[in-house]
Each structure stands twice: as C-alpha cells, then as structure tokens.
Amino acid sequence: MEAYFYHLVVLGGVYIVLTQSLDLISGHTGLMSIAHSALFGIGAYGVAIFYGQMHYPFIVAWLIGMVLAGMAGLMVGLPSLRLRGDYFVIATFALQVLCFNFMNNVSNVTGGTLGITGIPTPWFMSTTARAALVCSSLALLFSFIKWVLTRSPFGRVLNCIREDEDLVMALGRNPVGFKIAAFMISAVMAAAAGGIYAAYVSFVDPTTFTVMDSIAILCAVIIGGSGSTAGPVFGALILIGLPEILRFVGLPYSVASNVRQIIYGMLLVLILMFRPGGVVGGFSFDIREHTRL
Amino acid sequence: MRRCAVLPALFLIVIMVIAGCSNQQEQKKSERSKATVKELLIGAVLPLTGDAAPWGIPPKKGAQLAADEISQKGNLKIKIDFQDTTCQPARGISAFRQLADVYKIPVVMGAVCSSVTLAIAPVAEKERVVLISPASTSPKISSAGDYIFRVVPSDALRGRIFARYLFKKKGLRKVAILYINNEGGVGNRDSFKNEFTSLGGKVVLEEAYPPQSRDLRAQLTKIKNSNVDGVIAVSYPDDTILIMKQAAELKVGKPFFYQTEAVEDPSVLKQAGAAANGAIYILPAPAEGEAARAFAQAYEKRYGTKPELFAAEAYDIIHLVVKAAEANGGRLEAEKVRDYLYTVKSYHGVSGIISFDSNGDVIKPMAIKIIENGKPRLLEIVGLE
Amino acid sequence: MLSQAVVNGLIAASTYLLVALGFSLIYTTSRFFHFAHGAVITLGAYLAYSINSQAGVPLLGAAVISVFFCGLLGVLMNHVVYNRLLRKGAGSLVLMLASFGIYLIFENVTTIIWGASTLGFSPGLPSSICKWHACITRIHILTLAIAAVSWVFLAILFARSRHGLLMRAVAESRELATAYGIKTHEIVDASFFIGSAFAGLAGILMAADVGMTPTMGLHALMMGVVVAIVGGIGSLRGLLLASLLVGLVRHLSIFVVGSQWQDSIVFALLLVVLLKSPWGFASDAAAQEV
Amino acid sequence: MQVLLSASGIFKNFGRAEVLRGLQIEVKRGETIGLMGPNGAGKTTLFNVISGFILPDRGKVHFLGRDITSDPPYKRARSGIYRTFQRVRIAEQMTIMDNLLLAFQDRAYERPMSALCRIRDWLALEHTWRRRAFELLKEMNLESEKGRLARDLSYGQQKLLSLALGIASDAKLMLLDEPLAGLSSSMVDRAINLIKIMVRKRSSIIIIEHNTSFLEQMCDYVLFMAQGQILYQGNLQELREHPGVLRSYLGGQMELA
C-alpha cells in the first residue's frame, strides 16, 4: 500500500513541477505553449544519456538536461518575438513535433523509438519512500520558487505582459526579454521534472513526450486555474488522480480510456464556459485583444 | 477565491476515502487468503483501454478462462486481479505497484506494450515479483532481469527465422523494409536486417512511416522504383490495410512479406480484401492437438469469437503459474515460480510448444502463412535450425 | 518515378486543400483556430458509413446527407460552445482551448460507437489507371476534381456574391460589421456551415480512399493547419499554393532524406514561415492591416 | 528653456492615406501644450510616432538632444516619455496596487535572478514603493480600492489609473490622449488634479483634448493640427478667430457626416 501511495506522490510531484512551470508562461505571461512535454522529455533524455549511459554524476546530468532545455526554451522564446496568442501556440506545436521526431529518429543519440533502458536509480531515490520525499520536496521547492518569482518585480512585469504588451512598453520594459527569460525558466523547470522522472522510471522512450501529453498538461493548468499557485497543483492532481480513481471505479474496459478522455474534454469545455478562472479561480483568458495601433 | 480552496480539499478527501476503501479491500483479501490456503491470487497488468486495448483485452479473456477452468476442477481457486496500464510506462508502474505493494501479489502477468514491460521490469526485479509477458516482443526484454519472462517470442527470434526463411527458401537477396516508426517496428527491422545481412543478403531500402499514418504512397513509390526482390513490412493492422491497398493501386509489383501477425486481423482481411491475397507472413506457430482445440472451443463458447491475438499465451501463463504453485505445495512464491519456469521444457501449451531459455525468453517454432482467397493458409512451420 | 511522386503530391495536396479551405474559412470570420474541425472530418466519414451501410442509402446519397449533417454540426458547435464563450468575452485562446476539448470528446465518442479498427466503404482491391509511369484511382481523380471545384466555388463566393462580400466585411472586423448592421451571427454561422461541410466532404473522400479510423481527422487537420498558416489564412491563392507546396514537399522530400523525417520537414517549413512572416504567403497585404 | 523634444519633417502614410505630412513640433521643458484638431488630423498618430509605437516614413525625432527616431517604444519610455492610450490601457487582471507598483518598481530588481537571490532587498524596497503608490492612490481617492482588480473599476477610475501610472513612472514628457473624454464631472476634477501634479513635477505635457475650457485652464499654448501638419500655434483666443482652423474643423465635420 505504501509503495503505491508513494508512487502516486512521485508522479504527482513530477507533474506539479510541470504544471507550475507551464503556468509561469501560460498563466502569468500569457504565452500558451504546447511544447511542454518536449521540454520535459529533453530533461529526461539528458539524465538518461549523461547519467544512464555516460555515467556522469546524477546532478551533472540533471543540470545538463536543464541547460539543454533552457536552450530549447530560448528557441521557442525567439518566435515569441513576433507571434502573439494562437500563432504562438502553433509555433510551439511545430517545435513539439520537431523535438519528438528528434527523439524518435536520431537513434544513435536518443536510442530512437526503443528509448533508453536501465537508467540506474540514484541513491536518494533508491526506495519509493525516498523518491516520494524527493519529488514532493521538489514540487514544494519549485512551487515556492514560482510563487516568489510571480510576486517579485519580475513577476509583475510578466503579468503585465499577459495583460497588455503595449502597456509594458509604455512603462519602459522590453517584453521580449522578459518573455524569453520566462520561457527559459519554465523550460529549465520542466527539464528538472523530466530528469527526476527518468531516474525514477529508469526508462525513457519518445512515446511519453507526445503532443497529446503537452495538451494534457496545458489542459490540467487551465482546469486547475492558471495564474495561481494552487491551480496548477490541483490540475496536476486531476491529471494523475483521475485515471487512478477510474481504475478503482471499474468502468467497462472497452470504453474506460475513452470515457476518461471524454471527462477531460468535458471538464475543459465546462470550466472554460462556467468558471474561466479554473477550479481554483485564477486568471481567466478573457478578451484582451486590443487591436494593435 | 476562498470558496475555491474548499474544492482541492474535497478532492483530497475523495482520494483518501478511496485509498481507505482499497486498504480495507486489501485486508479482506489477505484475511481470505489466510483462511483458505488454496486460493491463489495472480496479478495482471494489461492495456485494457486506449490504443493498445485490442492487444490487452484478449489476454484478459484468455487468462480469465484459464482461471475459471482451474477453479472449477476444485483443488485450487484462482483469482486474477487485472489492472490497466493504458500502454503508458508511468501508468504501468502505478498498476504494478498496486498489485505488488498493495496486494502483495508475487506473480504478475504483463505487460503487453514493450515499453511498459521495460519500465516495470526494474521494479519487479527490486520487489522480487515474477513478471510474465504474454505479448511484449522487444529484444531488449531478454536482458531485463532474472524475474522477467515471456511466452511470446522475441522480435529477435522472429526476425532471425524470417530472414533465414526468406533468404534460403524464397531466394531473396535484395530487399526493402517498410516499417512503422515505433519501438516494435524498429526492433523487428533491426533483427531482420542483422540476420539477413549476415547471411549475405542486402537491405537496399529502409522506409519508415509514423504510426497512424494514412498515406504511404511516397514510401511505396520509392520502393516500386527500387531494384529489390521483395519487401519486408512491419506493420499494425490499420497500416497493413494501407500497405496492401496502396501497393496494389500503385502497382508496386514486388512480393510483400509481413513480419507481423497483423495480417490475420479480421479488419485487415475484410478491408484489404483481394489486395491481401498472396501476402506471406510469419507468426508464432499455433499449437496443434487436443488441448489447443479444446481451448479454442471453450473460448468461442464463452466469448463468441475465435481466440484473438495473445489470448492463448495468457491462458498458458496462468496454467504455468498454477503448475509452479502446485509444485510448491499450493503456495505462490516468487522465487519458486521463477526457478520452476527456468526448468520448463517443451510444455505443450495452447499457444505452442513452450520452453524458456536462460534469459526467460520463450523458444517457440514459428509458422509461415499465406493469404489465399481471403483466408490464411499454413505454408510451413520453421524453427531456428 | 518522378511523375508518380508528383501525382501523389497532388492527391495529398487536394485533401489538404479541402481541409484548409474549411479551416481558414472559419478562421476568417471568427478569428480562432477551430481544432474541433478534425472531429468533423472524422465524423463526416463515419456518418456517411453508417447511413450507407446501416440505413441502406446509396453511397452518394449518404455522402450528401453526411456532408449536410457535418455543416449542421459545425453550426451546433458554434452555438453551443463558441457563441456562449464569446458572449462571456472569451478571446481566441479560450476558443482554441475549448475546441481542443470538443475534439477530445468527439474522437472518443467516435471510438466508443464505431470501434478503433479501420472501417471502409469499399473493401478490396482498388482499380487504378496508369499512364506515364503514374497510377491513379477513380477516387483520387474525384478528390482532385472536388478540391478544384471547391476552391473555385469559394473564389466565386468571395469575389462575386453579396454573401461573400459580407463574409469579407465580417472578416475585416466583427465589431465594425455589426455596427454597419450586418447580421454577423448569421455570417459566422454560414461560414461554420460551409467550412464544416468541406471538412465532412474531405473526411468522406479520405475514407473512400484509405478507410476510416477515429484518429484520421487529427492528422488531416494538422496538415490542413500547416497549409492554412503557410498559405496565409484567408488568402485563397495562398492556400492553393501552400497545399501544393506541402503536398509535394511531403512526397518529394522522401527521395532526399529518410522517410522518418517527412513530418519534421513539413513542420520545419511551418516554423520557418511563422518566424519569417507570420501571415504566410499573403503577408504583404495582411500584415499591413493588422 | 531647454528643448525637451523636437520632431521635424515627419511623414507617415498608411497605404494611400497621408496621415502626417512634414510635421514639425518642439516641446520645451515644463511646458503644457494642448493639441487640437479634427478627427483624422493625425494627432494620435503623432503620439504614436513620438512614443515609438509607429516608425515614421521620414523625419527625425530628438529627445533631450538625442536622436531617438529608431528607438523602440520601451527605450523611449525609459528615457522619459510616457503616453496614455485613447482606449484605456491598464493591466486589467492585476490589482490597482500592482498596476502602480509596476510603474514605481526599480528596473534593477526585475531580473529573475534578483527576484530569487535578493528577496530581502526587493522586499525592503517594495515597502517604499507601496507607500508611494498609496500616497498617489490617496490623491485619486482610490486608497480603499487598492486590492481590487483594475477591471472592476469604473471607466473613469481606470482612466485616472492610467494617468497615475504616468506620474508614478516619473516621465519627463507626458502624452495624454483625451484624458477627460467620457468622464463624469467629478472624475474630471480628479483627473485635472492628477494632471496638476504632473505640472508641479515640471513634466512637459501634450494633451489631446477637445474641451477648450480645460485647455485654457491648463495649457501654456495650443497646437492645432490638420491634414498632418501643425496649422497653428498660440493661445486659444486667437485660435478661435483663425480662418484656416475654422475651415478645417468644418471640413473635418463635413467629412465625418
């Protein structure tokens, strides 16, 4: 029983870091991204390759993964120079597809479709209890970091970018720099989650990092409540919790997964329609499309 | 804002209640297993939902059939706890943990998707739980661990046998490989290619296509214009239909050899129709004899269809596990089951003749079949020799 | 070989064009990415299948009925979800997210009703006509023809008819059009109807060619979105050029690089277009306006 | 008096429409200038050109003796140009306090690293920022609303807030685009109060406005724009008698009708 519970804590922790990091850009900066599972994957592959195969110390591999993801974040950040709103989403989508294809096809680096197996478990995660402790404290740490960031002068500018980029400029701030910084921080956080995930599961393959996973993470943030600290936590819990609850409920097997997806879809649409701030009540993506001068 | 803090709290409470319920379940189960020694609880982690469900539900049916048959005989009661993996590694670990840690089950059947089996394997090793897959064919599983078994041949075996067969019997020297760009497709491609080139053949073209692709004309056009004796296809049912139909449309004019059992899928036979005729394919040799026939009858009686893919394998797994328990005085212990399985030689199961090698891989003869007039016909049974 | 590849590219381009036409028609009047379009594509095929095989209506009739229903479905989506969201002041991002949700619901309902494995109108061996080393089936010719006719239809609609004029007015600015007394709701509904009907038509044609699966709409839509953006949403000429470009790139690139990179090339193209000029081929005119 | 801003020979076309045609303007430190003209005269476009949201086709803009013609808007804002927008622009889903803090806070503490590593520093500074913001709120009679989201404010209050942002950012040149339009009379008084604060702080101000009594009260002189050029510069009295002004106003109205 404990180990199962701890396992859920591990997954919950990893996903909380993911949703918090996505919320930093989507909920606070107004840049919706569906490349997040790719960034998550970069972190995971970083650990898998540098720690699992090349036997660097875990911390080093973890950091390498984060740096790589940060660089990828910079690459996504660059389109945000020009693109707004839905066009930005499409750009991140393209990036997600490209990253997935890289993981899937460049087999001499990433192991291709077969993935990388046998990543040794680092000592601090050797039991599920330890892993749960590590992951929950990471979730706490990153939630705290995000909380501080979004309440700092830095976060205030991000929030203002979400509200009105022209206003940010009128107040003497360069939105582009802030957007890129936000995206890179978010990418690094996602990669941190990915590295821990890889070390815990001890196996990575591209199918864990698809567009659909990216969309699921985004939906979790929206459903939970974007632009808040509790919202993403709640979203991550739904993402991890709903399948587990349905597992206990015992739906007919032939439809269970479809029913789960339908529940996600309905939740998303209903939340948007009746509670645009998400369950927890954060920021709502209302109309703010001032026509550009 | 304040009102909303209630909701997450409620959510947590729901989770706790559910967790509490399952805890009680667990206690009941353990009490019961103490009361009657002769009840065996076996776990199963299968993709019961999602894209891979078509491969997960038949093993569930087969295993359930075996459990009920054995239970009816009297001495032993078999219960199987089925858990869903949805073919995702993390979910698979969740499911496995639930069985191994919550219910303390020593033997688990699963998983179907190779990626899930590979993800679960280290956990199974650490928790000392025997994991027997009815369907994972990735060559990487061979080295996944001491407690990891499978009753379906590795892609490595299938590729080797198919390569030898095509090289020696069909006289192929130059081939193209058309494969689905996922773990199964690439694993099969590699095993075929390694054997074929070591025999002296040449793989001229390797064309991949992404899963759920609906247009393979580009790949097939390239193959049509290449100088090859034949095409090896590694595909799933949906794209097998595409390959057959689009190859016919484009008049590719090369013989196709399918290194997959997907060809036998009812949807392929129906949708591809005449386009399927002449397709030669390889799959683990179906069992002959009384037991296999009885299984097919019982299965059809109970579920209304002929045994689908991997149902027989699951049926055999349950029987093997029960045999191991019987050899251990009716108790299920992971180490004992593991040791027993390594000694199994030429067990006549309903999925074929089963022996395990030192990796826990099954060694089975394979069958070469051909589709004629929309129906499969056995060409021959081939082994490694 | 080249001739066949070009023909393949044209066939692919025609389905991309059909999807992109509907998608960008809806975008021009309502200004958001309607991803549930993918669900309409799938449903078009399945509805036609059911009407044909279960109700026994001949295939052509079934297709017409199904296309009509797809149009209605689009209008329904607009009324049940998007309009309500708009009334609450939702922006294009919210509408796009909602369309993700709708897509999820529809794809899974489709799977529950019709199952996950391939279904088709015409099982069996397709007959094809070959000339100059290139083979083509009747369905392909039909698809090409319908795509061409649809394009011309829209071109005339936009250039000549009053209705098209109103649509262009709404596309320019919804508020302004309302201020001028144009019934914008009706115009948006009309664009949803026509756009979704195109989606249903595309779905049926694809299914007639290669059969249907519940996920067929998503891949088709992805290519449609790429075409719509590369071509510059709202520019008919741009869409035509972009669909040809994407179709040919997909089918010719395979001779240069490995086929596993087919998708990557298309999406790299998309990314480059987005970075160079977010408004695609139609950039010069549209960019000035925005 | 020192010349703060000078723009010369500004041309700007939108498609075929010539909006600014060789416009010339000079603003000295501490001046308050009214900017009038019929609709479509290019007033807002001029603001956009000065604040950098639109680049002119030709012409130069100098601020504090430096050529800023090709500077992006945020650089100009940093060197001391603040503008309001005709349609109120504030951060709607942020609190009023946060809106003001945005203008008050020190850019040196806006780096993500300093947000994390120098928490104590910025927390300490935040107190002074908040105090100053609170004082400004008192001027606007909004101190009780500081925790509310800006979008929940009335239109007039939002307009006040956008003026307050200018005061908070301590700009040397304020470009106010119709600061009084649509305000109730009590709100107008408060807005004027805020503009007086700007004057007191010796900021130069250009105000686009149609309310002549207000302009008379506030401005050192007025500029009259028509057809992309400054037609007249002087006091309001004389402006009323200027024949060209009358014609262009009437002409403008006829165009409108």
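When the chains are written out, they are named A, B, C and D in that same order, and each has its own residue count from 1.
FYI, contacts are C-beta pairs under 8 Å (C-beta built on N, C-alpha and C of every residue); 3 or more make two chains touch, one makes a residue touch a chain.
What you are looking at is a predicted structure, and each value in this text was computed from that prediction instead of being measured.
Asker: Any chains in contact with both chain C and chain D?
Answerer: A
Asker: Which one of the chains is farthest from chain B, going by Cα centres?
Answerer: If we average the C-alpha coordinates per chain, D ends up farthest from chain B.
Asker: If you average the C-alpha positions per chain, which one ends up nearest the average over all of them?
Answerer: Checking distances from each chain centre to the full centroid gives A.
Asker: Distance-wise, how many Å sit between the C-alpha centres of chain A and chain D, to the nearest whole number?
Answerer: So the centre of chain A lies 40 Å away from the centre of chain D.
Asker: Express in whole angstrom the distance between the two chain centres, defined as the mean CA positions of chain B and chain D.
Answerer: 71
Asker: Nearest whole angstrom, what separates the Cα centre of chain A from the Cα centre of chain B?
Answerer: The separation of the two C-alpha centroids amounts to 32 Å.
Asker: Spell out, as numbers or ranges, the residues of chain D touching 2 or more other chains.
Answerer: In chain D, no residue touches two or more other chains.
Asker: Among the residues of chain A, which are close enough to touch at least two other chains?
Answerer: In chain A, 104-105, 254-255, 258, 284, 286, 288 touch at least two other chains.
Asker: List, in ascending order, every residue of chain B touching at least 2 other chains.
Answerer: 53, 181, 208 - these are the residues of chain B that touch more than one other chain.
Asker: Touching pairs of chains, all of them, please.
Answerer: Taking the chains two at a time, the touching pairs are A-B, A-C, A-D, B-C.
Asker: Which positions of chain C touch chain B when the two form their complex?
Answerer: Touch list, chain C to chain B: 1, 4-5, 8, 11-12, 116-120, 123-126, 128, 130, 135, 137, 206, 210-211, 213, 215-216, 218-220, 250-251, 254-255, 258-260, 262-263.
Asker: Which residues of chain B touch chain A once you look at their complex with the stated criterion?
Answerer: Against chain A, chain B makes touches at 1, 4-5, 7-8, 11-12, 14-15, 18-19, 21-23, 26, 48-50, 53, 56-57, 60, 83-84, 86, 88-91, 93-95, 97-98, 100-102, 115, 118-119, 122, 127, 138, 140, 144, 181-183, 185-187, 208.
Asker: For the complex, which residues does chain A have touching chain B?
Answerer: 1-5, 7-8, 11, 104-105, 107, 112-115, 117-118, 121, 128, 197, 201-203, 205, 207-208, 225, 230, 233-234, 237-238, 241, 243-245, 247-248, 253-258, 260, 279-281
Asker: Which of the residues in chain A come into contact with chain D in the complex?
Answerer: 145, 148-149, 152-157, 159-160, 162-164, 166-175, 178, 181-182, 185, 227, 283-284, 286, 288, 290, 293
Asker: For chain B, which residues are in contact with chain C within the complex?
Answerer: On the chain B side, the touching residues are 51, 53-54, 181, 206-210, 212-215, 217-219, 221-222, 224-225, 237-238, 241-242, 245-246, 248-251, 265, 267, 270-275.
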